[in-house]
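Each structure below is given as structure tokens.
Below, subunit A partners subunit B and then partners subunit C, in two separate complexes.
Our next item is the complex of A and B:
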């Protein structure tokens, strides 16, 4: 009996083709996955304990970002409001709303609500909100049209290349300081140019992409 | 020689593939639990824990910078209910929050500065404490701005410096 039957060649060809196809597929995957939204979680809109709407609170009611995110100007962390802040209004408004039951429960039990983080950075990135605010980078530069989001979603990839695109050329992303917290700000004819703002804020892009700026 | 190169490349590839990308390091970030830990929030602070007292700050002198700071903080934290002009008809009141008194009533015009400071610190009626949101210096800035609002209600055009009058008309 022969070791190789009449169909051995066919099997061999199919196996070789499959192997080649598999390798090609893997290569494409390695190339494509990092730029896919699935990987960067862009537009990621996690389920939250309460379906909090920035659109309603910011654009509808006109609350300033800092009403809740109180430490954004002075700290690395913008600050997630304690339940006390929610209840400042909701002790009087929508007191029986089903949607807000977890908020009332949190206050009654003294247990913080556990929101799901939307913007996550790796531990080797030392991001600081306060310096970006101080240098005229508006909230919406990174958080997208947050004032129009019924549910908070991730508006960017947060890839290092995305960070660097602004660190290398900050001018188009700057605005006057009194407009930093305005989610609907748009550049007008009177707005100082990016170059002028860069000079005013003492921003030096030639050192902004040094490794140590973000990694320590 | 070629084989050695191949082995080097292959072992490097294996070594790199085994690397964690160091996204999770044993350091604590605000609001973050240690990796793999179960949330076990204390319901309330342990017994015998006393809140850290605020250090009282000296009442700052009224300057333009203080008033501007006060205006900015007022617009963030107070205006939602008290409205930007302080008549107590802010957006949250329009949506059903009990209406606070206007700053222009006689009782509040005559109230001492300390009254406004204390209300911000401890709350008043339906108003919660803002001590955790507005620091002591900023409270004095807001008090100064409320005083400026009150003064503005009875201001005459003659009180405005001549070179600024144009901007009001």
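Our next item is the complex of A and C:
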């Protein structure tokens, strides 16, 4: 009796092809999945306890970023405002709005609101808001058109390649110091060139992509 | 047959071995339902050592490489020394198998399978070492230049990365080379098998080999090309391992002689291990007629050649620091031969260079016991040499303020024992389930009447 039937070759070929196809598929997955928004969570817009609108407060009312994010110029963290900051206005206006009930409750109970973090960096990444502000990187470079967002969303991938794209070539992302907090700033003919701004801020990209700059 | 006969006059294959008896004998060792007792004992010990590796690796992964003795300034310890040691042993298998195929040496045909089996097993032990040595073992895949969102890429100017590529290609090529050489033998085993499951198993592995003239023509040209690739490849692989060191500015490492130095070490240590395993297989499987004094004599001579080549490198290793006007190099070398690690230096000179000179005597090359002992000494001596290259030089770097001493911990020794266990376990498994002598090539020698 023959060891193998007449279709043995067919089975073998199909198995080999399937193995090759499987490996190819796996390689494609490794390539494609990371660049998908599903993986990077770009446009991630979490539900918040109060549907706070940057569009209304910043573009509509003209509040400065630093009115709420008070430590952005001096600290790693931009800072989430205490409930009293909200109450500077909301103790006077919209005092009975249903939407703001959690804010009033927070003040009454002395418990901070639990906002959901939108921008998360891993612990092994050292990031400092103040140095970026000091060197003329505008808020919108990383936070996107934050002044036009009715609900705060993640505007970038936060991938290391994204960080490096600016650390290796900062010039196009710089602006004059007085425009850093302007959410609608556009480069005009009078704006100093990126090169001039780099010189002004003493930015040296040749060391900006050293490992130890962000991984300390 | 008395001992005064020159071993070179021994027949390549004993006259009693015929085409039929060869196929039956070699296949029988694979197909017999019960492994001999010595196999079970050997495999049991190997497996126990392998379990040591599992435990040592688990402990390492949980705690990090702090469990080893490595620290600043000696940041490369046992793992790197043993990586070089194992890859040299693997390379020795390829040298026997590929280099001496190209020279058409008749002694190669009965020993090449042992050498190749050793090559794959040793390559496995070599391959795990650099990965264990990584601080973050889970990220070893960063060595691949794959598209990633971090925008990081391997440093292609580093010999360490060349080494990774070389080792990867070498291991892949070794597997294919081994398997190609095995194909006709797998078909023989399939044809000899009586049980359906074994027929199926070896039949699938034999990939439908029928031994037609066309099969043989394609097979022989493929095999020749593979040998022609493997022979220079093994030289380049081990040279690049040498560049790992020569590329660094550490005292005692930054030397142009390292690539050939390392290759010479591969010749001698690889041959030594092949001789030891050949003696084990020869007696364990009763292959005295197929593997004869002729084979051991030839391999003994090549091991002697390797010893002389290595001795030449040892002379240069000493001459360089003395001749060059570098106080740091000289200090490091003097410390190697007279300092903390002096015993390892003199032990390796004795085991690798002085004792192997006994091989000049034909009577030594005929004695399996002496061959086995000298080979075992060389294996140990080569381990000491790798230790001596890696550790004393790091311990005596350029700045005296940067000097230190390295002591291995229990886990270093456990890793060494475990890697030996991995090697032996793989070797014993392949010895049980795959033919240990190339049936087709020995048949060719018998058929052509080249048995002398």
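By our rule, the second predicted complex is superposed on the first by the 191 of 216 C-alpha atoms of A that agree within 3 Å, B and C clash if a C-alpha of one lies under 4 Å from a C-alpha of the other, contacts with A are read in each partner's own complex, and residues count from 1 in each chain.
In the analysis below, a contact is a pair of C-beta atoms (placed from the backbone, for glycine too) under 8 Å apart; a residue touches a chain by one contact, two chains touch by 3 or more.
Remember, predicted model here, so these are calculated numbers, not experimental data.
> Would you check which partner chain A:91 touches, where first means subunit B only, second means subunit C only, and both and neither mean what they say?
A:91: touches subunit B, not subunit C.
> Comparing subunit B against subunit C, which has contacts with more of the residues in subunit A?
On the superposition, B touches more of the residues of subunit A.
> By the touch definition at the top of the document, which applies to A:38: first (subunit B), second (subunit C), both, or neither?
The answer is neither, since A:38 touches no partner chain.
> In the overlaid three-chain picture, which partner chain does A:67 touch, first (subunit B) or second (subunit C), both, or neither?
So A:67 only meets subunit B here.
> If we overlay the two complexes on their shared chain A, which of subunit B and subunit C does A:80 touch? Say first, second, both or neither.
first
> Quick check on the superposed pair: does A:160 touch subunit B, subunit C, both, or neither? Answer first, second, both or neither.
A:160: touches subunit C, not subunit B.
> Overlap of the subunit B and subunit C footprints on subunit A, residue-wise?
Common interface on subunit A, subunit B vs subunit C: nothing in common.
> What part of subunit A is in contact with subunit B in the complex they form?
That would be residues 61-64, 66-67, 70, 76-77, 80, 82, 84-85, 87-89, 91-93, 109-112, 114, 117, 122-124 of subunit A.
> Quick check: in the complex, which residue numbers of subunit B touch subunit A?
Residues of subunit B touching subunit A: 21-25, 27, 29-31, 39, 41, 43-44, 75-77, 80, 91-92, 95-98, 126-129, 132-133.
> Touching subunit A in the complex: which residues of subunit C?
146-152, 190, 196, 199-200, 203-204, 207-208
> Taking the complex as given, what residues does subunit A use to touch subunit C?
So the residues of subunit A touching subunit C come out as 3-4, 9, 12, 30-31, 34-35, 40, 157, 159-161, 164-165.
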